[in-house]
Structure formats: structure tokens, C-alpha cells
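Order of writing sets the chain letters: A, B, C and D. Residues in each chain are counted from 1.
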């Protein structure tokens, strides 16, 4: 059993490193994207082996549902932009010093020049060797597991990771939600173009699958959110699942949906940060300190924050995927 | 005991289908035949494994979850295979690699 | 029995690594996408086997999420890749696409 | 002989193997970040470096007896969501840059640097020689 587990770990790690290596060595960007999706799948297995089912759940939703779609859509956007420029100005030399080939094949990156080989290899090897040596000689420690375990009663939930996220280290989670919001603001500041066009369904199969998948995805998201209080799951995983379901809808919708209403969308996107902030301020006013909860109220408050955070994360991920402010609300 | 034996047999049969799917993916000459090979792994391979694992499930909830997983993979496999085949048919095999 | 599940999982991991050859070789993007689809199914199966072998029932949920979202990448591939028309183009205008030069992939 | 094999198996715990793998991923991502020019590939390289960091964190958290450290897991969980948002933003920036300038590559030097121009066009002739693969000694020691 033990020998088999070690063998499994070794094969898995070799696979992960091998996939990452081939991904970064690809000249064809589409191949790199598919390899990166496979990389995410293998990483989820690695998190399972590291006894981190929470992370595996998030990686499954993000790796399978979001990253792949994001990369493929970005490549398609690059391709169509370059094709447009190529057809628009046939005699203008491209400003790209890597030559006309790069424009002819937009999804292609020529192999790197030879002269960077030795310095890059030396640098990477030195950094890697230093890291490995440090990690091997790190003194063993128990980490913070006993501390968390001792205070689980006070947290209001039964799952240690959720307790850390929403009670013991709520600061981190609050700022993390703020960072996600800032990423979206950055994406929106780039302008309003580039909405993903609606397309007619290629046949009856895709709409039928959507009718099956989307309700199941919503139920799964709510289930994962609810499970978070006593088992692996929680706001981040649920938000990623619902976000992926939203991305699926955006990709597969057969006709243009009515414009997303600006004000409710913005309220939903900021709900996580806003509710978190309000609860934190309430704690401050009630004398528990910023983001401190009364013990009796910890569970309902955590659930409230988690619901708001799930909504925000899901909406933000979809909005980041669409990349561009919703049209028609320039006021 | 009988449950364990059944699980073992069904799992082994499922693994055979996965191996066949991978072999088909590697050895078959074009997209359509590869598609044919790997949907067998999707449908029958996972189906047999799920059926085998049902004998080890701890309760009806687990059995239903296993069944749901199989149904979802069936739907995903069908949709993906259909769309990839259709796209290859209308666009050609190498269209995208520009 | 746990050893048996783990060997089965290891075997399936081996089939994923073998199948990577198809992603690396292509030749078309459809082939690569199909291989990724097969990896998704195999990953679900590995997770189910590991959930028994390691006695961690939460892995079933991970497998469920993978099964649920396995189709997203394929939909993104088909709906976006190689279809650059603007939002108001009429249905089935893909024929316009073939006006562009086709270039086989010389990439290994 | 079987005693030796047993010792090796006991030494290779996940707490040792996965941090090593994570460090390897970090170094590999760094190498790719330096050498590749296309910005999408550079974003992938950054993501691979990030995954290496997550793997080190979780691997160290899983060391020792008993359940793994939930604080490290919570940090990694937030880290993954931040990473995917940052990736989406970065890809949006790449698309915007491409729309403005017509290319999505990081230039090897200043655009008016003749030496850099000559050097890249020389690199262009190797384009059909297949990917210039990094060496394979990046595999984890086993």
C-alpha cells in the first residue's frame, strides 16, 4: 500500500512537471492551452494526495470550468484581432519585430533565441536548487493545526478550513474579495468592447445538455456552499462552480440576452465585500473588534457572509470572462 | 465477499475500456474514428466502474451521487463529441492552427 | 481491496500520461480537445477510486464537480475557436471562413 | 535489500515529494517566463510558478502526523481564486495590447535596438526546427 502510494506520487509529479514543461515549450498556443487544462486536472489529483479536498474542489471548478474557457476565448480574440489588422492594412509592415510570420500565425510563438538559453537555465537551476535545499532542511513543526483545533468551539462552524477563512483569518478573506473586485475594475477600465457574441446552437444536443447541466450546477453550488460549514466546501468553491455555470451560459446562449442591468449587477458584484465590511464594522461597534463575532451569532453571520461572497465571486468570474463593462450604462 | 468480487470484475472490465479508449486515441487515423474510440471509455468504461463502486457505497446518497456523476459525464461526452465532430466536418481538421 | 483500487487509479493515471502523446502530436485542434475530454473522464474515475482507497468521501464531490464542468472547455472550443464573425452575423455564415488560407500545422 | 527498499519508501513521504515537485515547478515556470516571448505563454508560466508555490505550501502543511495545517490550506484557497482573477485581468490586458499594437509578444529589447532586431530575425529562421525544449533534467529527483 505504501509503496504503491509512493509510486502514485512519483508518477503524478513526473506527469505534472512534464506537462508544465511541454506547455511552456509549445510553439502552438492552442496546444499550450490544452496542456494547461490537463495540468490543472493533474494538480487537483495532487491536492487530493496532500489531504486538501477543499483545494481540489476549487481547482476542479477553476481548472475544468474557467481557465480552459478563458484561455481558448482569449486565443480566439487574439486571432480575430490579428486577422482583422492583416486584412485591413495589407501593405503596412507590422510593428512586430519578430517578423511577418508572427502575424500570419497569430496563435504561434517562435522558439526562443539561443542566446538566452544558458543564463535562463542557470538562473532557474540555481533558484530551484536553493528552494529544494531549503525545503529539505526545514525543521519539522506542527504548524498551526493544534491552535486551530483548540479554538474550533469558538468558530461557529465544524470545518477547520472554513473556520480559518471566515473567522480566525477573516482579514485575509476580506482583502482577497477586495482583490478580486479590483481585478474586475481593472478589466472594466479597459473599455466596453469585446462582448462575446451569441451564436445559434449547432444542433439540439447543446441546448438539451444545458437544460440538464445548469440546474444541476446551481444545486451543486448551493450544496457545496452548505457543506462548507462541516465538510470540504464553502464560498470560494461554490462561487467558482456557479461562475463556471455562468460562463457556460455566456458561451452557449443561442441569441443575445437582454443587457445585464447595471445597478443590480454592480450590487451583486460588490455584495461580498460590502456584507463583509458591514459585519466587520458591526463587530467593531459591538466591542468584538473589527471582523470579530459574538460567539452565539458566529454561525449565522458566517453563513450570511458566505452567501454574499459566493454571489460576488460567481458574478465577478463571469464578468471577468466577458471582459468589458456591460453596455448601455455610461451614466 | 460477493460484493467485493463483483466490484473487482466490473472495475477490471471498466479499465479495459479505458485502455481501449486510450489505445484508440493514439492509434486511430483521424478525428472521427478517435472520437468513436474514446466515447466508449466515457460511456461504458466509467459506467462499469460506477456500477462496480456502487457495491461499496455506504448509503443510498452515495449511490445516487455515483449515478449522477455517470449521467453528467455521459451528457458532457455526448455534447463534446458531437460538437467537435460537427466543427471538424464544417471547418476541416487543421483550420484552427494558424 | 484498497491496494486494488489504488493500482486501478495508478493504471488510469498511466493512460492519461500515454494519452498526452495525442495532445502533443495533434495534428488538429479537434484531436487535442478530444484527448482533453478523455482526460476529464479518466480524472473523474481516478477521483472515485481514490475516494474509496483513501477513505475520503469528499473526493466524490470533487469528481462530481469535474463531471459537471467537463463540457465547458469543449463548448468554449467549438463556440469560439475559429468563428470570428461579429454578434449580428446571420446564422451559419461559417462558409465565409474558408476564404482565409488554410495552413496545416507543422508543429509537433 | 527489501529493508533498503522499505527505508526508501518510508523516506519518500508526500511532505517531502510534493515540496520538491513544487520547487521544480517554480524553477520551470521561471525558466519559461524568461525565455518565451508571447504574453499568453508568459501568463501561463506565471500560473505554473504560482501552482508550484501552492504545492510547496500544501506539501509542507501535510508534513508530520495528524491532519494537515488548515491555515495553509485556507491561504492556498484564497490564493487560487486570486490567481484566476489576476489571470483573467492579465489576459484582458493582453487582448487590449494586441488591439492597440497588433502583436502580443514581449519584445526582446528596445524596438529601435538594431542588435535585438537582427538577433530575433535570426531566431526566426529556426522557427521550423521545432520547439527549443528546455532540458529534461528538470524532472523531480526520484
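By our rule, contacts are C-beta pairs under 8 Å (C-beta built on N, C-alpha and C of every residue); 3 or more make two chains touch, one makes a residue touch a chain.
Since this is a predicted model, take the numbers as computed values, not measurements.
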| item | value |
| --- | --- |
| Busiest interface, counted in C-beta pairs | A-D |
| Most distant chain from subunit C, judged by the mean position of its C-alpha atoms | D |
| Rounded Å distance, subunit A centre to subunit B centre (Cα mean) | 27 |
| Subunit B and subunit C: spacing of chain centres that average the CA atoms, whole Å | 12 |
| Computed distance of Cα centres, subunit C from subunit A, in Å | 18 |
| Where subunit A and subunit D are represented by their mean Cα positions, the distance between them in whole Å | 16 |
| Sequence positions of subunit D contacting 2 or more other chains | 130-131 |
| Of all residues in subunit C, the ones touching two or more other chains | 26, 29, 33, 35, 40, 64, 68, 70-71, 75, 77-78, 81-82, 100, 103, 105, 107 |
| For subunit B, residues contacting two or more additional chains | 68, 72, 75-76, 79, 83, 86-87, 96-98 |
| Footprint of subunit A on subunit B - complex, ascending | 68, 71-72, 75-76, 78-79, 82-83, 86-87, 96-98 |
| Of all residues in subunit C, those that touch subunit B in their complex | 1, 4-5, 8, 11-12, 15, 18-19, 21-22, 26-31, 33-35, 37-38, 40-42, 44-45, 48-49, 52, 57, 60, 63-64, 67-68, 70-71, 74-75, 77-78, 81-82, 94, 97-98, 100, 102-105, 107 |
| Partner subunit D, residues of subunit A touching it in the complex | 2-3, 6, 9-10, 13-14, 16-18, 20-21, 23-27, 29, 32, 36, 39, 43, 46-47, 49-52, 54-55, 58-59, 62, 66-67, 70-71, 74-75, 77-78, 81-82, 85, 94-99, 101-103, 106, 109-117, 119-121, 123-125, 127-128, 131-132, 135-136, 138, 140-145, 148, 160-161, 163-165, 168-169, 172-173, 176, 179-180, 183-184, 186-187, 190-191, 194, 234, 236, 239-240, 313, 316-317, 320-321, 323 |
| Subunit A contact footprint on subunit C (complex, rising order) | 2-3, 6-7, 9-10, 13-14, 16-17, 20, 23-24, 26, 29, 32-33, 35-36, 39-40, 43, 46-47, 50, 54, 56, 58-59, 61-62, 64-66, 68-73, 75-87, 89, 91-92, 100, 103, 105, 107 |
| Residues of subunit A that touch subunit C when the two form their complex | 1, 4-5, 7-8, 11-12, 15, 18-19, 22, 26-28, 30-31, 34-35, 37-38, 41-42, 44-45, 48, 51, 53, 56-57, 60-61, 64-66, 68-69, 72-73, 75-76, 79-80, 83-84, 105, 108, 195-200, 202, 206, 209, 213, 216-217, 220, 224, 227, 231-233, 237, 241, 244, 247-248, 251-252, 256 |
